[in-house]
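What follows is a pair of complexes built around chain A, which joins chain B in one and chain C in the other.
Up next, the complex of A and B:
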C-alpha cells in the first residue's frame, strides 16, 4: 500500500490513509455493484410486464434450468436428507433417546427452510454458473453488442426468459428436492434408528406458516439466481479469463445472496408467525 | 423384441415403422452409454491426476513461492466471504431453532442445539460450498485459460512438469485453505449464533457459551467437522484441477469447464459428506 503513496506523506499516517482508502474503494465498489444489480432487477421486472413475447424461449430455458438439474438435485438432496436425519438422530440420542418426533421435526424444518435453501444453493452452483458462463461467452464474443446494435436490450432477450423460467422451475425443483430428501431421511431413520416409516411420516408440526415461508423462499431464490448471475455474466470483460472470472463471481454472489435472503426471510417469518 | 420387429411387414401407416423403434432404442442406449462413458472418463481422469499429485509428494517437490502465492490468493482473499457466510449461517441456525426453544423454554440448550449442527455439519458444508465457488471455480478458470492460450504446452516445451509446477501447489493450498477456513467458520458461526440468540430470544451470550461447553458437545464434534473439511478439500482440489486441465474450445470452453467443476465438486462434497458422517462418529 505505502509504496503507491507520494513520499511527502509521513509513514504512519500514510499507512493509516492507505487502509482507509482501500476500505473506501471497497465500499464504493460495493455500492456501485449494488446499484447496477438493482437496475438489472428493475429493468427485468419492467420487461416482464412490457417486453416482447417469443414462443418457445421460455420453454427452452425451463428445460435448461429445470430438467437438466433434476439428476444433480436428486443425488445431492438425497445424500443431504440421509446426512441430516442421521446427524439429528445422533443429536437426539445424546439428550432424549426418543425418536418419535424425529420425522415431524424434520418435515417441518424441511418445508420451512432446508428444502428451499439447500436446494437453491445447489441450483445456484449449477444454474448460476451456467447462466453466467453462457452470457459471459456472448459478451466476450460480442454477441451482446450485436444485440444492442439491433436496438434490442440484452436484458429483455437474455435475462427475462431465464428469470421467469428460474422462478417457476426453482419452485418445482424445490418441491421435488424436499420430497427426495424426506424419503431419503425416512429410509435412514428406518435403517439407522429403527423408526418405522408410519412414525416418521408425521405432519403434525407442519403449519400453513411453514408452507408460506418455504414458498416465499422459493420465489425469492428463484428470482435472485438469474438476476445475480445474469448481472455477473453481463459485466464480463477480457476474453476467456474474463468468462472464468464471471462464472466464479456468479457462483459466489448467488450463494451469498441466497444465504442473506434466507436470513432476512427466516427472521421475518419468525417475527410474523411466532413472535 | 428385435425379432418381432423384423418379422413385421414394413407397411406404411401401420404403427411406427420397424426401423423407428430400433432407432429410438439405439439413441436411448447411445445416450445412456455416452453418459456412463463420460462419467467414467471424468472419474478416471481425476484418479490419474490424484495419483500423479501423490507421486510428487514423495519426496515433496513443492515450489515454495507458487505455494505461498496460491495460499495468499485462495485463503486470505476468501476471508470476507467466509466471514459473511459463517455469521449469517450461525444466525440462521438460531432462527430455525428459535420456535422450538421458545415452546419448551429451553433457552439453556440453545448453544448446544445450534452448536451441534453448526460444528458437525453446516459450517464445514457451507464453507466448502463457498470455497468451491470462489477458489475451486477460480482455479478451474485460471488453469483452463492457461490451457486454451497454450501456456501449459509452453511449460511442457520448456521441460517444466505442469503437475509439479501448477497442480501440486494449488492442490495443497486448496486443502490447507479449506481446513483453516472451516476453523474460522466454526468460531464465527458460533459468534453469529450467540448474538442472534441475544437479539431474538434474549439468551445472554454467556449462557450460550456455557451451553456450548457444558459437556454435551465434545472435541469429537469439532474434529468430525475438520475431518470433513479435509475430505472436501481433496474433492474440490482434484475436480477443479482436472476440469481446468481438460478444458477445450476457447472462452466458451472455459465457462463450461467452470460449470462442470462446480457441479462435480458439489456432488462429490455431498456424497462424501454422507460417507464421512457414517464412518467417523
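Up next, the complex of A and C:
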C-alpha cells in the first residue's frame, strides 16, 4: 500500500501525506492485529473443547500463574487498599466527618470493581509479561515452528493451558486480593480514623449484582491476559530484542484490554442491574 | 513426582483458601442468622428511605431485619380498620420477643447524619402483654426534612417580604424604641438617689413584713391554743359526724310517719270531711259561747236580786219571813187549815 502512496510524497504537502500514511498504516495494523487476536481467541476456545490434554501441564501453569503471584498480589493490593481507604477517608472528612459508611462503600467498590480490575492489572504485569517472554523466546528459537512441524498447534499446546489456568487462578487471586485489600483498608480505617473493624465490615451495600459484576470481570480478565500476551508472544519477530518488545507489548496491551473490558462490563452491569 | 505432589497441594490450598473466603463472605453478607425469627407488620404513611434488608434495632442493638416493603395504596385493611399506605414486614429474633410489648413504638431513624435508615423499636412498658406474632402496628413516620425545609423556606420568605415591605415602619419602631430607652436612661440617672432611697425603703419594708410574718406565725400558727381550738373543732365535727347518722335516721322516721299520716288523710273526701267537722266545731263553740253568755247574764240577774229566784236568794227579808212563817206554823199548826 505504501508503494501506491509514493507518488504523492513529491507533492508540496508531503509532510501532511506522510502523517496520513502513518495513520493509515497504524489503522491497518490495528485491524490486522485485532483479527489475529480474534483468531487466537477463537482457536483457543476451539482447543479448550477439542484439544489434547497433557497431564500436569494445567496444574503447572496454575502454580506458575496462581501461587507464584500470591506474594506480589498481597503486597500490592494491601498497599493499594491502605492508600484507597486513607484517601477516601480524607475526602470524606471534608464533606461529612462521618466514617460509618466508609467500610460499606469501600467493600462494595472492591467487590464490584477494584478487586478484579486492580488485581488483574497487577497480575497482567507479572503473568502477561511471563507468558509473552516465554512464548516469544520459543518463537525466536524456532521451537514454535518445530511444534508446527510436529502437527501440534502452538495455541493448543502453549496457550490453552495458560488460558484455563489463568481463568481459574485470576478468580482465586482476585478473591484473595480483595480480602487482603479489605483487611488493609480496615486496619487503615482503624488506625487513621478510629473506625472500629465491626463498623468497617459492613456488607449491607453489597448486592448480588455487585457479585455478578465482579465475577464476570474475573472471568473476562482471566481470559484476556493469556490470550493477549500469548498473541504478543506468538507474533514476536527478530532476536532477543523482539522478545523484549513482545513483553512490553504484552503488558501494555493486556492492561489496555483489562481497562476496555472493565468499561464494557461495567456498562453492561449498569444496564442489566439498573445501577 | 514429589515436586508434582507439592505443586498440587499448593495450588489446592490457594484455591481452597480463596473459595473459603468467598463462601464466608457470602454467608456473612446474606446476614446468615441461625436465630429463629418471628414476623411483625408495621404500617407507615411514609417510611422514608427504609429499604428491605435494613436492620431492626432496639437501643442500637440489631435484633432483626426488614424483610419486605409492601405498597398497599391506602386501602382499608379489614384487620385493623386503618388506611395503610405502606406495610413493612420485619423479622425479629425470637430471643427478644419477651422485651417487646403491645405498646411498643416502631419508628424509622438514621444512623448518623447521612447514614442509612433503619427501623428502631421502643420496647414499651413492662406492664403490657408481650407483642404477639404477626401483629400489625402503626409505625411513627420519620421526620420529613424535605417538608420541614419547604415550610421553613415559606416562613422565611414571608418574614423577609414583611420586613422588606415595612422597612420604614420597622425603622420608625427602632428609632422610637431607641428614644424611649434613652429617655428611660435619663430618668433613671436623674433620679438615681430617689430610686436608691425607694429601694432601701422597700427593703426595710420587706424586712419589717418578714418580722411581722414571723411574729404572726408564732402567735397564730404555732400557738398551742390554736392547736387546741382546732382539736376541739375537730372533735366536735367528729361527734357531729357520729351523731348525724342516728339523727338523720330519726328525722327520716318522723318524716315517714308524717308521710303516712298525710297519706291517710290524703284523699279529698277525707279532707272535705275534716273541714266540715272543723266548721261544725267552730259553730258549736260559737253557740256554746252564746249559751255561756246567757247563763252569765242570768246569774248576774239573780245576783242583783232581781226576779223571783233573785229575791229568794238575795233578799234577807224573804228568808226572815219564811222563817217566821215556819215558826208560826210550828206553834200554831192549825193555821194550815184556818186563817185567823
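Convention: the second predicted complex is superposed on the first by the 261 of 275 C-alpha atoms of A that agree within 3 Å, B and C clash if a C-alpha of one lies under 4 Å from a C-alpha of the other, contacts with A are read in each partner's own complex, and residues count from 1 in each chain.
Convention: contacts are C-beta pairs under 8 Å (C-beta built on N, C-alpha and C of every residue); 3 or more make two chains touch, one makes a residue touch a chain.
Remember, it's a predicted structure, so these values are computed and weren't measured experimentally.
Once the two complexes are laid over each other on the shared chain, residue contacts for A:179 go to chain C alone; chain B is not touched. Contact with chain C, but none with chain B, is seen for A:63 once the two complexes are overlaid on the shared chain. In the superposed pair of complexes, A:214 makes contact with neither chain B nor chain C. Once the two complexes are laid over each other on the shared chain, residue contacts for A:204 go to chain C alone; chain B is not touched. Of the two partner chains placed around the shared chain by superposition, chain C is the only one that A:168 touches, whereas chain B remains out of contact. Using the contact criterion defined above for the overlaid structures, shared-chain residue A:100 touches chain C, although it does not reach chain B.
Within the superposed three-chain model, A:226 lies out of touch with both chain B and chain C [touch as defined at top]. Comparing chain B with chain C, the partner in contact with more residues of chain A is B. Residues of chain A that touch chain C in their complex: 56, 59-60, 62-63, 66-67, 70, 96, 98, 100-101, 104, 168-169, 171-173, 175-176, 179, 201, 203-204, 206, 211.
Remark: chain C residues 4, 7-8, 10-11, 14-15, 17-19, 21-22, 25-26, 28-29, 53-55, 111-116 touch chain A in the complex.
Of all the residues in chain A, the ones that touch chain B in their complex are 72, 75-76, 79-80, 82-84, 86-87, 91, 94-95, 105, 109, 112-113, 117, 121-122, 125-126, 129-130, 132-134, 136-137, 140-141, 239-248, 251-252, 255-256, 259-260, 262-263, 266-267, 270, 274. Every residue of chain B that touches chain A in the complex is listed here, in rising order: 81, 84-85, 88-89, 91-92, 95-96, 98-100, 102, 109, 113, 116-117, 120-121, 126, 129-130, 132-134, 137-138, 140-142, 144-145, 148-149, 200, 216, 250-256, 258-259, 262-263, 265-267, 270-271, 273-274, 277-278.
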